[in-house]
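If you scroll down you'll find the structure; I have some questions about it.
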Amino acid sequence: MTAMARTWGRLTLAGKVIFTVLPILAVLTAGLIVVIVLFGGGILDFLATNLWLVRFVVAATAVLLMSVPTAFLIIYMEMKVIALMNLRIGPDRVGPFGSLLSVVHGLKVLMKEDFSPTGVDRIVFTLAPIVVFMSTVMALLVIPFAPGLFGQDFNIGLLYFFAIGGMTVVGLLMAGWSSFNKYSLLGGLRSAAQVISYEIPLTLSVVGLLLLAGTMSLNQISLNQAGWFSDWYVFKQPLGALIFFIAATAEANRTPFDLTEADSEIVAGFATEYSGMRFGFFFFAEYVNVFVISALIVTLFFGGWNAPFPWPWPVALNLDPGSLGIGLLILVAIVPVIGTLILAAPFWLASSRVKGWQALVMGFILFNLVAVTAIFGIAYVGLDWVAGLLWFLGKTYVFVFTFVWMRGTLPRVRIDQLMGFAWKWLLPASLLNLFVTAAAIAIVNPR
Amino acid sequence: MTFIPGLGIVKGMGLTLRRFFEPKATIKYPEVKPDIPHKFRGRLQLLYDEYGALKCETCFQCAQACPIECIDMGGIDTKGRFHVHWGAPETYGERREESALRRSGRTVPDPAYAHFEGIDPDPVDGILEEYDFDPKQMLQILEATQAAYGHLPVAALKRISHATGAWYAMIYGTASYYSHLRFERPEDGIQAAAVADHRPTEATFLTSLDTALAGGRRAGAGQPSGTKPN
Amino acid sequence: MDPALRRRIERRFGERLSGPVRQRHDETELRIGAGDAGEVIRALHDEPEFGFAFLADLAGVDTGTTMQVVYHFWGASTPDWLRLVVDGLPRDDPRVPSVTALWKGAEWMEREAYDMFGIIFEGNRDLRRIYMPADYRSFPLRKDFYLADDAARSPGAGIRHMEQTHAPRNATPAATVRRTRA
Amino acid sequence: MTAPTGTRGRASSDDPRVMLDEQIGVFEPIPPYPPRTEREAEFYTLRDGEMFINIGPQHPSTHGVLRIVLKIDGENVVDLDPVLGYLHRGVEKLCENADYHQAICYLDPLEYVSSLFCEWPAVMAFEKLLDVEVPRRAEYIRVLSSELNRVASHALFMGWMALDLGGLTPILWSFIERDEIVEMLAALTGQRMLFNYFRIGGVNGDLNHEFLSRLGDWMGRATAQIESNTALLNENEIFVRRMRGLGTMDSETALRMCMSGPNLRATGVPFDLRRAHPYSVFPELEFDIPTRTEGDCLARYLVRLDEIKQSLRIIDQCLNEMPDGPVMAKLPRLLRPRPGRAYAGIEGPRGQYAAYVVSDGTDQPFRMRIHDPSYLHLQSVGLLMPGHLIADAMAVMASLDPIMGGVDK
């Protein structure tokens, strides 16, 4: 026993982990093999008949996995962009240009104590961040990122989105109420008032668009906007787009409508008493929400994953690397070497002061650039979901940038101005938009 | 304000976007040193003359003149024999008189400790001798002192502080950390009585506070009206 | 220095002045007793020949023997600061009429004077301590104020034996209190 | 008048005697003692639907450690009770125990945004006590450096104002502006924040090349830069709509509230001690007194912007007309002014800073009274805030620009 303990003590940390994990893995693998051998056929048959289930599970997992890096990216963007607008440098120490700082923030949040203050309603206090985060992430399910790349193509996609998005306010209200703090309470109530008020113009502003599109499926709306950028709904529904943008800003609690967590008034609003990962959920939810809202604006009004102009040289790439057989292997082995050498040659020949290894390094870097560009180019031309995803993310991040930019510029509005704006201006304007659209449709396309 | 609604906001957005691309004001501190003016007074350092000798001649005028008494001096004397340290500033009030006394070379009486009982210093001196004035063996010193006196008199702690060069606060912290070290004689109820004697108003205060608290609980019945200040 | 102002003051308040009107640099000083303070200040504020509309400062002073309340006024009728010293308040019960009816902004300055000196301004609606905690008992800017004794009387006293050093009774011998005749 | 009922009688967490066995209500802002005045009793009595909320002492927008107990009805502020003393250091008492030179440096941290203005009245009062004639060059240097400090203070005010309204960017821009000024003042005085530059009878050190080169560099682009910074807010609809008509005060009330400085001038009273009670070399300098008549937050904000331009004018004139000569009067080391009293008031970026000194013939001031405008302006918050929303309460407080170091002395 002592000998074993001594041996165990001599192991490094990695060794301890490996020695613990390996046997478990071995047992699990054996069990898995047995299960697959015994029931594999049945499972496969079941999955093949119920593909929607596979799709749903994969989509849900992918969306959950995607949300955290998205939040990290937007948090970094927020830190860096606002810093640059403030004439600061912003994060520049962790990772290249400080890009890992948000990841470090995430880790920090994870490592903090899971603390709940005296007097809170524990159950609700714990549930609130989860509700907020889940409602935000669930909204990602219906967003069509590219042709064929979406979680679920509901025929009531937009309705689902509004319904799920409205659940956020429940979480915020739970947080505000359960925190046992007057600032939180005020923040929660503000968020309830604000989100409910802005739900109405938000929903009404897209009704005109729905009349035009004739569907509520977000995928179908994206498909409707294919072609030139003049086909985008923003040109048919400019007022609707503006109202939607403003209402969506309020819906996402972003500056200038960030009254729920107005730090100079009610310290952090509903999140005052939260710390650690519970706060982290709120934090992530906010930024995922920004992404979702931007994605929805892009989907509805800015053509979704469609390029602003159709690709002028339609190419049907029929690459079948498998047909090369053994040649593929040789190609994979030889092309990098030859490419590097070819690209290194000009450096080496250009000046006698360039040493051979330096030229080789330069050549290798250049080759990588060329290869990556080529692969992406081929993928862009050949795979329409890659092209769609690139366009979609590009447009979405333009809007994310706009949200961050607004945060860097604008002061906050007051609560009565906020509500007045929603009810006195946005609501009539969206109704006007709806009537004009309906009238136009009735005139142009009478039954 | 303009007549077109939203123009001001758009202008502001344009301004921030322009600033987005402008050169930044941040100084990346450890790599780039800030441009500190020649006359800057914020750095604390002793100056050397052109021969490399310390310009400070320990006249203590700075410590004496320092209005918030933040300058404290210590070090090795010129022959390299004695460690000179003036201890932590426990009493700021007497500080300037102290520095005058120190400059004149006399010992500084400490009125804050005059209140405490005097001791026969021989045992503690012997103990200090035994432990070679080593502040690292503070616990042993304190235990021996307690064995000698039955408790830890303040005067003895003060003497230990002076002899070993450790701060009084450190010694006090050490002594109060260990539960077997005590500051009062075990049989001593005298001090508690003295304390109670020192603050006769305490009881009055507590009574008034109690009255106030109890009065509030009784929903204000019989409360005096609030016109009288304090 | 504005001799015209001095003449005006002497003519108007001649019998009420408890000392000569002094002038030095750009200041004119008059002294009155506490009984006259209300009327004199109202006259200084209201009457057009004075018209001191701006209360520049309100301060309490403990001379070691008596208490004073010192007002400074600015008015367009004179280039001087007008200093009004309400003199001769007893130290054990200093009372002055409040000027909050004329300058509502004097309320906090009076509260401060009350907090620091214990001067009671009659008519101030909110005369309570402003800087020091509510259970504080002494008046810190008085000349016989001794810090340690107050600390020993606070509710936290006596917990640490290092704090039990001073006995309040003999803490401030009367001989050490600074006094001035200024 | 009966004592308020309800939550009164709960223990305060500050009271070491009380074991906190009851957890709910520990955070109530209601004090644990019976009311001392009518006003306190009235304030701490809640009517139906009202609640107390503590703003501070740790709150992002209280500009220091101020605690305001707000009585709110929903989002509306019904009444408020500022609780001071969290930063009280007893500077007046400290000054009584320091000699005349030492007393000056206790005054810097009072007004940590524009320290020179707190030194100046005390120094002026000491000079009056001692009958010292200050050299003209020293006076010009004082005016020059303090006007720079005024610009720095106002620049910072713009940023705070925007920050309290939720704008993140202007505060950093104005800090850049302030940093340049503060750095050049550091080249002149030796410190960035607490300058401790004015001495009895002059200033500590003549103008130097480093200061002048930095100043010239900055003066060339100051106007354009400040204008460009203000363009972000001055035309912003959100900002203007929030500020206009908010916390309005008429000139009568402002005088009754003993206000001074830009807050008084925003109500239309052209009261500026530099003209109303001229001191130093201001009679020789040419500048205007900007006033506004609205008396609301926007007016207070705009008056300060105009003052920056006037300050730049004064700086320009000072540089042009700077006479030669010594910067310190000849004085003995140990100052013992004869018994007497002196009062000196100056126009600072927030209003009238003043010092009242009583000398008893020793080397220490017998009584040193420091008058700070922030104190009085904070008091008028109680008049301006009720009836507004919580968000506006912050804006009103920011527009009055109190500095808690000066309020709490």
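For the reader, a short list of remarks on this structure follows.
The letters A, B, C and D name the chains in turn, as written, and every chain counts its residues from 1.
Note that contacts are C-beta pairs under 8 Å (C-beta built on N, C-alpha and C of every residue); 3 or more make two chains touch, one makes a residue touch a chain.
Keep in mind that this is a model prediction, so the values were computed, not measured.
Chain centres here are means of the Cα atoms, and by that rule the chain farthest away from subunit D is A. The most centrally placed chain, judged by C-alpha centroids, is D.
The interface holding more C-beta pairs in contact, when A-B is weighed against A-D, is A-D.
Centre-to-centre separation of subunit A and subunit B, using mean CA positions: 54 Å. Mean C-alpha positions place subunit A and subunit D at a centre distance of 47 Å. Each chain gets one centre point, the mean of its Cα atoms, and the points for subunit C and subunit D are 23 Å apart. In this assembly, the C-alpha centroid of subunit A lies 67 Å from the C-alpha centroid of subunit C. The set of subunit D residues that touch two or more partner chains comprises 17, 33, 36-38, 40, 169, 173, 176, 232-233, 236, 238.
The set of subunit C residues that touch two or more partner chains comprises 127-129, 135, 155. Along subunit B, residues 9, 12, 15-16, 19, 25, 206, 209, 229-230 each make contact with two or more other chains.
Interface of subunit A with subunit B (complex): residues 81, 84-89, 92, 405-406, 408-410. Subunit C makes touch with subunit D in their complex at residues 24-27, 29, 53-57, 59, 61-62, 70, 72, 74, 76, 79, 81, 83, 102-109, 112, 116, 125-135, 140-141, 145, 155-156, 178-182. In the complex of the two chains, the subunit D residues touching subunit C come out as 15-17, 31, 33, 36-40, 84-85, 88, 90, 92-93, 96, 128, 255-260, 271, 276-277, 339-343, 345, 352, 354, 356, 358-362, 366-367, 369, 371, 375-376, 379-380, 383, 408-409. Those residues of subunit D that touch subunit A in the complex are listed here as 23-24, 26, 51, 53, 59-61, 75, 162-169, 172-173, 176, 232-233, 236, 238-239, 241-242, 389-392, 394.
Taken in their complex, subunit D has these residues touching subunit B: 1-5, 8-9, 11, 17, 32-38, 40-41, 98, 102, 105-106, 169, 173, 176, 179, 183, 186-192, 205, 208, 210-211, 228, 231-238, 240.
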